[in-house]
Amino acid sequence: MYAETQIISSSENNPQLKEGQLVINVGPQHPATHGVLHLVITLEGETIVKIEPHLGYIHRSIEKMSESLSYRQFIYVTSRMDYLSAHINNLGCALCVEKGMQIEVPARAQAIRIIMSELTRIASHELWIGAMAMDLGAMTPFFYTFRERETINDIMEQTCGARLTMNYMVPGGVMYDLHPEFVTRVRAFITQFKDKVTELEDLVTNNIIFRNRTEGIGILSKEDAISFGCTGPVARASGVDGDIRKRFPYTGYEQLDFEQCLHQAGDSFARYIVRIREMYQSIRIIEQLIDQIPEGDFQAKTKAVIKLPKGEFYTRVETARGELGVYIISEGGTTPYRIKYRSPGFSNLSALDHMARGSKIGDLMATMGTLDLVIPDIDR
Amino acid sequence: MFSFQQWAAQIHSFLLEKTGTYTLLIECIIIGILAISLFAILGLVLVLMERKVAAHIQIRMGPNRVGPAGMLQTVADTLKLLMKEGLVPRLADKFLFNLAPFLVMMVAMMLLAPIAFARGVQIWDINIGVLYITAVSSVSVIGVMMAGWSSNNKFAMLGAMRSGAQIVSYELSAGFSILCIVVLSGSLQISDIIASQESGWWLFRGHIPVLIAFVIYIIAVTAETNRAPFDLAEAESELTAGFHTEYSGMRFALFFLAEYINIFIVCALGATLFLGGWMPLHIAHWDGFNHLMDWIPSSVWFMGKTFFLIFLIMWFRWTFPRLRVDQLLNLEWKYLLPIGLLNLLLVTWIAIKGWHF
Amino acid sequence: MFIKEYIKEVYQGVSSLLKGMKKTGYYFFHPSEIITQQYPDNRHELKLPERFRGEVVMAHDDNNEHACTGCTACELACPNGTIKIITKMDLTPEGKKKKALDTFIYHLELCTMCNLCIEACPTNAIQMAQTFEHSVYDRNKLTKKLNQPNSKIREGVE
Amino acid sequence: MTKEEMITWILGIEPAATTDDTGEWLVVQVPVDKWKNFAACIHKGPPALDFLFCLTAVDWKTHLCVVYHLRSSRTDETMVVKVQLDRDKPQIDTVCDIWRTAEFHEREAFEMFGITFHQHPDLRKLILPDDFNGYPMRKDFEDPVNMIKL
């Protein structure tokens, strides 16, 4: 039915290759792929002719696993998908279960959820900036961005009990109330962030080498972004207004004042700038909420055993990478009949071949870096 | 005043007395041993320095477990590399594969010959010293190409090809900057160049053109030694480790060591040409000040200047992103080379008119 | 003007690079900005937040009594099969038979610290401890028995 | 465009389609042989449903069902299209020439459910190893070695 995959080939043993072309394997063990992504790249000199992703090195079949877990249990597994926006993944699942149960989430829980989501988004973007600069050869910004990320991780650790895979969301609210020191620490973080993020301007944004490496590289037009199903900063850098928080607001985003960061250029630098601006917007959202977190319950009363009515439920949330869709088909039991996670990275990756064709290998790192691929998110 | 010159003279007369005609041979052996031990020590010190500089720039502490303040970390690393198995890929060209690290190392060693380490401490004061250095340093690209080709690895091959294009082009700029000083001092001999800076270093005496030449020299040698931001030959996020992808154990260590020795040599040359080598900071007609400066040993002056330049190059490495291949060549052929050529003309004009201080 | 633009371009490029070097140079000459934690050395002053989830433990009081009734709510709540509860039949002083905890087996190697068992526990018998140095040389050591030998259920816990 | 307007629009394109507007979004069932033509029409619009944000398959034990979640990138119209397939020989036309994101999603559905997408340019396994047998997301899939039953 399908041709056998040829992993390593050169023009001698592969008749499909033209004279002078060679195939290299970037990954599964490669410093630039941030995980176990495997790209089979056909090159002509240094120019990329074709990119073929080979996935599945960490495929755990979370969808199949979730079919045997109860509605309380399956939420924690999704932290392991896109581990950099674990909170938002959990939120998507919790929202889907709540939609099925038709329960109202208390205002306090909603505010906490938004603050946590935005902190997660900042942490994710911080990591991305560092990692991307490292892909382009600048090692140092990585440590500066990690310093800020560490502060967020500490805040998370104090309130949620874990640094990365928090599992703080439960159907009906959050697992426990905010830590008493949470508000002061977040305020301190906002000050620190605003102070330190300008460093990146000197080190990365205005650096002429960085500008030359990213401007005009890996261009994705608006039409292609829509056609490839790109979401998140990748699509917004191409001018697609697809921010779920803005267009299909959930858990109270509609009451907040923030901007959707759009850019028309669609190149690697636009994706970089969009993420930088998004961090500022996240800070803006947190600032609006942090001083007026409503009092009240942090969790709605739910039954110990959750049963969803028969039907299909789909929720989407905006993770740091784009649109995460959670599609639950329930047969009325305690476990879902089928769960589909529409992960943002999977669709974004499919545009890579189109974006990187004809550019140099060095450009591939800039293009792939700005796609912000998290491999467990792609493999699920 | 502390000086190596007296020691050398004493040892020489002692040997002449005891061994007679074999003096030259024995002295050669002593020099060889000294050169190799200098290599080893320099390698250890520079690697540690790089790690410490990187750590402090990156708000870390760097190695701090082995020995006092992590001083013995590189010794431990070297021991580890010595014990590691040196693998040779199955389809590699074994002869070239084994030869390449030694070639690179030998080139680095040969470059040591005309460097003046202190007043009167110089292995071979050849009268075309500067030319010798530029000529021999181009041989190292052959070692890199050899390593990349013989590894039978596509990453290594791409890295070697990049390195070839890079080193060959950047040698031009480095050459032009060196020529600026040669024009000013009127000699190719290292000792003459240093002597010509008796009344002040060329960097300060030669107006802006020499300053430009210095900047071009630093950029060009950074590229020649394959250092970031020009480390395309071993661009780790693109080509894993570039031309030495397949090397392990001591063979890898030789490449690693040669890289640092090369940095030392180009910085030493830069210090010699632009900053007066071992010559203390002299300002013409300020005799009291000059005399005071002479009290600091000449070897300290030389090492201080060289390590300052090494620090500068390390600072570059930990600040800048890497260039792309075509940008790298654009930088050379569109910016450095035209500027360098124009600059050489200016310097020649200054030298003819005698306008320098 | 071509030459003017050329010079401007060079100037802007060089000044952007120098700005970056200024920033990294600042950190190089300010060692007080170093954020490295000397981890194994600072163990005694290292304090983890009280909510940190390290491993599941069962609290015993001075009389070697715990609060676990053996209801298996945690076992059911666990997504990974980390907890296994073995119950036995005890005789109450009135002579009635009553289900009680025999062994609380906890597989640390399977645990993902998701906190669902703690949430499910009706008597707050198990808690999360703040320990995190779990590495051992033998995998069997990660399978733990949480209730202490000869411990029994606290009076009044139903 | 309201749901009622959408229903008339859809029935105008494809009279054989059945619609269900009880849920959050309009659900349309299309016969498998009409799907390709229908997809091209709804992509063209108006309202142009040009954003395929989720493509998946469901194993209903009696039959397989491919579910397409579509929305317009300009307006907020969202539509769910379901196509029922024969479980023993599931075959459907590809839509990756209409929505290019479908290419990867169809490859995933192909290896997980064994659905053949006709005229797909590169229908190979994407996630699973090449020598993998069986379709793991089907309900009757058993792997005695790697599957742990709790």
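A, B, C and D are the chain letters, set down in written order, and residue numbers restart from 1 in every chain.
In this text, a contact is a pair of C-beta atoms (placed from the backbone, for glycine too) under 8 Å apart; a residue touches a chain by one contact, two chains touch by 3 or more.
Nothing here was measured: the structure is a model prediction, and the numbers come from that model.
**Q** To get from chain A to chain C along touching chains, fewest steps?
**A** The fewest steps needed to get from chain A to chain C is 1.
**Q** Quick one: point me to the chain whose Cα centre is farthest from that of chain A.
**A** Following the centroid criterion, the farthest chain would be B.
**Q** Which pair, B-C or A-D, has more C-beta contacts?
**A** Of the two interfaces, B-C and A-D, more C-beta pairs touch across A-D.
**Q** Need the CA-centroid distance for the pair chain B / chain C, whole Å please.
**A** 51
**Q** Once you find the CA centre of chain A and the CA centre of chain D, what distance in Å lies between them?
**A** 24
**Q** On a C-alpha centroid basis, what's the spacing between chain C and chain D, in Å?
**A** Centres of chain C and chain D (C-alpha means) sit 42 Å apart.
**Q** Which whole number of Å gives the spacing of the CA centres of chain A and chain B?
**A** Distance between chain centres, rounded to whole Å: 45 Å.
**Q** Could you list the positions in chain A whose residues touch two or more of the other chains?
**A** In chain A, residues 140, 147, 203, 207, 209 touch at least two other chains, as defined above.
**Q** Quick one: which residues in chain C touch 2 or more of the other chains?
**A** 17, 20, 23-24, 35 - these are the residues of chain C that touch more than one other chain.
**Q** Can you tell me which residues of chain B touch two or more of the remaining chains?
**A** Each of 57-60, 318-320 in chain B touches at least two other chains.
**Q** Going by the contact rule at the top, pick out the chain C residues touching chain B in the complex.
**A** Contact set of chain C toward chain B: 10, 17, 20-21, 23-25, 27-28, 31, 33-36, 38.
**Q** Flag every residue of chain A that touches chain B in the complex, lowest number first.
**A** 22, 24, 30-32, 46, 133-140, 142-144, 147, 203-204, 207, 209-210, 212-213, 360-365
**Q** In their complex, what parts of chain B are in touch with chain A?
**A** 54, 57-60, 154-155, 158, 228-229, 231-232, 235-240, 318-327
**Q** What does chain A use to touch chain D in their complex?
**A** 1-5, 53-56, 59, 61, 63-64, 68, 224, 226-231, 240, 242, 247-248, 311-312, 314, 316, 323, 325, 327, 329, 337-338, 340, 342, 346-347, 349-350, 354, 379
**Q** Chain C touches which residues of chain A in the complex?
**A** Per the stated touch rule, the residues are 69-70, 72-74, 76-77, 140, 147, 150, 157-162, 165, 167, 170, 175-176, 179, 199, 202-203, 206-209, 304.
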